[in-house]
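In the two complexes that follow, chain A is the common piece, with chain B as its partner first and chain C second.
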Partner chain A sequence: MAGIRIENVRKSYGAVTVLRDFNLDIADGEFVVFVGPSGCGKSTMLKILAGLEEASGGRVLIGERDVTDLAPGDRDIAMVFQNYALYPHLTVARNMGFGLKMRGMDRGEIDRRVSEAAKILAVDHLLDRRPKELSGGQRQRVALGRAIVREPQAFLMDEPLSNLDAKLRVHMRAEISALHKRLGVTTIYVTHDQIEAMTMADRIVIMRDGEIQQIADPDTMFARPENLFVAGFIGSPGMNFLLGNVTADERGARVSLFGQDVCLPVPLAAVPGIAGRPVILGLRPEHIGPAHGPVSFAVRPRLVESLGSEKYIYVDLPHENRGAPADAKGADDERRGDALIARLVDAGAVATGEPITLSFDPARLHVFDAETHRAIR
Partner chain B sequence: MSTQSIPAQPLAARAPGRRRRFGLDLARPSRRHWLGYLLLAPAVLLIALIIVYPLFISLDLSFQNVGIARLDQPRRPFTLANYERLFTSAEFWMACWVTFKLLVIVTGACFVLGLATALLVNNRFRGRSIARLFVALPWAVPEVIAVIIFAWIFDSSFGLMNWLFITLGLTSQTINWFSDPDAAFAVVAITMIWKGYPFVSIMALAGLQSIPEDFYNAAKVDGANAWQRFTNITIPTLMPVLGVTIVLVMLWVFRDFSIIYVLTGGGPLKATQTLSIMTYEQAFGFFKMGYASAVGIVTLVLCVLASLLMVGRRAEAMY
Partner chain C sequence: MKLRSSRIALYLGVAATCAVLLFPIYWLLVTAISPPADLRSLPPRFWPDVPQWQVFSRIAEERPMLLWLTNSTLAALGSVALSMTVSVFAGYALSRFRVRGGQSLGLFILTAKMLPATLLVIPLFGIFRSVGLIGSLWSVVLAHATLIVPFTTWMLKGYFDTIPRELEQAAMVDGCSPLGALFRVILPVATPGLAATALYGFVLSWSDYAYARTFLTNAQQSWTANLGITTMKGEYVTDWNEISAAAVFVALPILVIYLFLERYLVGGLTAGAEK
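Take a look at the complex of A and B:
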């Protein structure tokens, strides 16, 4: 086991820059998740770590050893692929033992390690089967088994759960977490699913267009997003964004939201020239409550979705608050610009078109610069 | 809209009428496979007519003492004489031996050359498409033209090969390629390899391109070197494709006629007379069609045995 250090790694394919200046320090035994939209360079970074792609610049260190120019097989890492990459002509046992055999380990030791790993992953009854005779979940376990028999310094996993159905995915997610607790091996896990990232990670690295947006633990990521993109990416349903013009007076910075004067949770001193400029305000759907609160407003819901335990209420934004950039892509949306979602738990009956009072606490507002999209605190 | 334009009619009244109009309703689930048979029927009939029927004719002929076969004449009496003569004739065993040698050498060389060229042009390099074209080229050349090219190359007085041999100092006088048994056999083999390897190459290339990149990535991470990746990933995953390809090449060598016939006519001293040349010679050279049929039938049996041997082991699908 070892920590991993990535220093100033860059990657471009000809004129296309895929990764720019990637810096990351991963502690021994940490579970780090790379997350970001499709095409942001997650797999590329992982392949550079594995030695399957050459970096255009920068260094990679695994356990203080510079591996930048080492062959994949000499880096002492194991990788789990999205489509498992199990060799179709080998049995499960031989698939799992392949890496050990390539390293010239003797038969007895290979068998011992394979059966031990198979027991951990509950695939010991499948050892004589071929991959085509396994279900998706079983294949996934075998692929994990192939990684753990090697007892490597680190695991690299590239969207290992994306071929599984939703239920199995939740199950395997927990299993991988448990496996990590048990083995304590440094793991880098790539996904584009923010829920996987939030549930599994010690630390999340959010990427976009080859650039790191923020590195933080899940709770910090949720509570203190550094910029608009991170704010919109984490959380489901995604954060609501409202546009407002700042006015300043002796009590602090204020904006008008839903026709009401709201005091922003940032000291005026934090941003000297803020008065008179537009800002983007982020408000999480779960921070909007039913009934009266610090800031209350009456609305008629455009749409009400009930999930049983909770309700999603879609509300039209007032014109003055519309127009926040669609730049922050959450999970799903095109509504960003003109609607707001409230997520109400135990709200009682709410009907589309019927008036309802909602409220929020201004302290929950996230403030972002409308130009740089960076958080203002 | 369309639902409104249909006149309101009770369902029960409409259904039987419809069934009467289409006497054979192939859309019914229980009859869906009928359509398949129906579509297959013309092809099956055609094959029966042009392959199975002649096959039975020649099987029948091989048990008769016939010179020139004529369908309008009555059957001759049943006899095993053709087969008796066949299995005691040195010529037949010689032809078997020549066919076997050719089979092993040509199939083996086509396999190695085809796989090697496929691996080569599967790499990414400048001018890859041109290289692929050149690899596949001999396959597109008609057999007779290929034979003429090689007949010129190996011509004893102004052939390229003799010039090359003399220039390189390998021989002092011109070799007469077509009068020496070993040399003639070599020429036939080389021509067949040149003509046959592109097929293996094309098939192997198609197979190579269907191997997922991640197999190699996984093997690299597992520490396999290039040779180990080749023997542990490439060869086993290509095997289903290669197995079938080898059978097809073998059958081609078995039955190929034009290359040998145009190049050497089976000579010299029957050194290049394969079973198919022998069949032709007996049937249309000496007009012993009964005897020729016996040779043909034996060849057929050998072909079937050989392909069963090769295909049988690889029949199981991999994915």
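Take a look at the complex of A and C:
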């Protein structure tokens, strides 16, 4: 086991830049998740770590060893692929033992490790089958088994659960987390599912267009997003964005939301010259409550979705608050610039078109610069 | 009900296709074993009253059938072995590596197979004469390889394209070199493709006449079966029974190989590599 250090890694295909200046320090035994929209370079970074792609610049260190120029097989890492990539001509046992055999381990030791890993993953009754005779979940386990028998310095996993159905995915998610606790092997896990990232990660790396947006543990990522993209990416339903123009007086920075004068949770001193400039305010759906609060407003919901345990209330935004940029869209919902979503638990009866009072605490507001999209604190 | 009638239509279609494809072979057999008088009869006779099976033993005794078949086999095996060795690497490279000009190189190989064999015969004759290969089986081995390589390279490229890259990536992470991944993982997985491709090359070589005729005519001990058979056509009299019987002998090995390789040709081995 070992830590991993990624230093200034770049990657371009001809004129297309896929990764720019990627820097990351991963502690020994840490579970790090790379997350981001499709095409942002997650798999590319993972392949560079594995040695399957060559970086255009920068270094990769595993443990204290510079592995930048080493072949994949010499890096002492194991990889789990999205499509599992099991060897179709070999039995499950031989699939799992292949890497050990390539390293010249003796038969007895291979058998011992394979049967031990097979027991951990509950595939010990399948050892003589071929991959095509397995279910999706079983293939997934075998692919994990092939990685763990190697007892490598690190696991690299590229969307290992994305081919499983929803229920199995949740199950395997927990199982991989448990496996990580048990083995304590440094793991880098790629996904575009923010829920997987939030539930599994020690630290999340959010990427976009080949650039790291933020590196933080899940709670920080949720509570203190550094920019508009991260704010919209984490959370489901995603954060609401409202446009506002800042006015400043002796009491602080203020902006008009739902026709009301709201005091922003940032000291004026933090951003000199903010007065008169537009900002984007982020408000999480779960931070909007029913009934009265510090800032209350009466609305008629455009739509009410009930999930049983909770309700999603869609409310029209006032015109003056509309127009937050399109790239602030959440990861997994089709956000319209003209609606606000409130997520209410135990809200009682709420109906489309019926008046209701909602409220929020201005302290919960996230403030972003409308031009740079960076958080203002 | 609807399902059944569409099934019946399907079977009828298959039966009709088989009839069209198999009739010439059947007619070859009938021609071989019919008394000569039957051959010109109108309406044609679809099965002789007294099949002349002895024609087979007769030509096996009177003609060097075994030598010819052996030569054809050697030429085919040689050219296939040579072609496969070349095109496994070429096809794999075309499938996997993005190199500058790789695509045009691939297309160039493809155009090579569009040239008619007769066009290449003359330059090849010149080359082989200058290195003293005329009359040797090696000449057809090499000449057939020039025919086969473009086909097999493209067939194998197509087959390799269907094998997910992650397989060799997994093999490399497991400690294989790139060549090791090819030999330990990709080639075993590609067995059905390799078998089908090799068989195709074998048939190409087996059915050649033009090259054998040009390079081997003056060396009777090197005659291939196709060349040998044409010499059975006399100037004044031609024994169609014998020629047909010889043709049956030539067709037989291909049928046997097909039966032998069938389970590989059906393929389906990659199933389970993914998802």
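Just so it is clear, the second predicted complex is superposed on the first by the 372 of 377 C-alpha atoms of A that agree within 3 Å, B and C clash if a C-alpha of one lies under 4 Å from a C-alpha of the other, contacts with A are read in each partner's own complex, and residues count from 1 in each chain.
In this text, contacts are C-beta pairs under 8 Å (C-beta built on N, C-alpha and C of every residue); 3 or more make two chains touch, one makes a residue touch a chain.
None of the values given here were measured: they were computed from a predicted structure.
Evaluate whether chain B and chain C can sit on chain A together after superposition, giving fit or clash.
clash
According to the stated criteria, A:H319 is in contact with first (chain B), second (chain C), both, or neither; which is it?
After superposition on chain A, A:H319 lies in contact with neither partner.
Check whether A:G136 is in contact with chain B, with chain C, with both or with neither, and answer first, second, both or neither.
In the superposed model, A:G136 contacts chain C only, not chain B.
So in the superposed three-chain picture, is A:M102 touching just chain B, just chain C, both, or none of them (first/second/both/neither)?
In the superposed model, A:M102 contacts both chain B and chain C.
Touch check for A:K167: first (chain B), second (chain C), both, or neither?
So A:K167 meets neither chain B nor chain C here.
State whether chain B or chain C is in contact with more residues of chain A in the superposed arrangement.
C
Looking at the overlay, does A:F81 come into contact with chain B only (first), chain C only (second), both, or neither?
Both partners, chain B and chain C.
Go through the superposed model and pick first if A:P72 touches only chain B, second if only chain C, both, or neither.
both
Taking the stated contact definition, name every residue in chain A that is touched by chain B in one complex and by chain C in the other, in rising order.
Common to the two interfaces on chain A: residues 47, 50-52, 71-73, 77-79, 81-83, 85, 87-89, 98-99, 102-103, 132, 146, 150.
Note which residues of chain B are touching chain A in the complex, please.
212, 214-215, 217-225, 228, 232-233, 236-237, 239, 318-319
Hey, which residues of chain A end up touching chain C in the complex?
Listed in rising order, the residues of chain A that touch chain C are 47, 50-52, 71-73, 77-79, 81-89, 98-99, 102-103, 130-134, 136, 139, 146, 150, 163.
Which residues of chain C touch chain A in the complex?
Interface residues on the chain C side: 164, 166-167, 169-177, 180, 185, 188-189, 191, 269-275.
Considering the complex alone, what residue numbers of chain A touch chain B?
Touch list, chain A to chain B: 47, 50-52, 71-74, 77-79, 81-83, 85, 87-90, 98-99, 102-103, 132, 146, 150.
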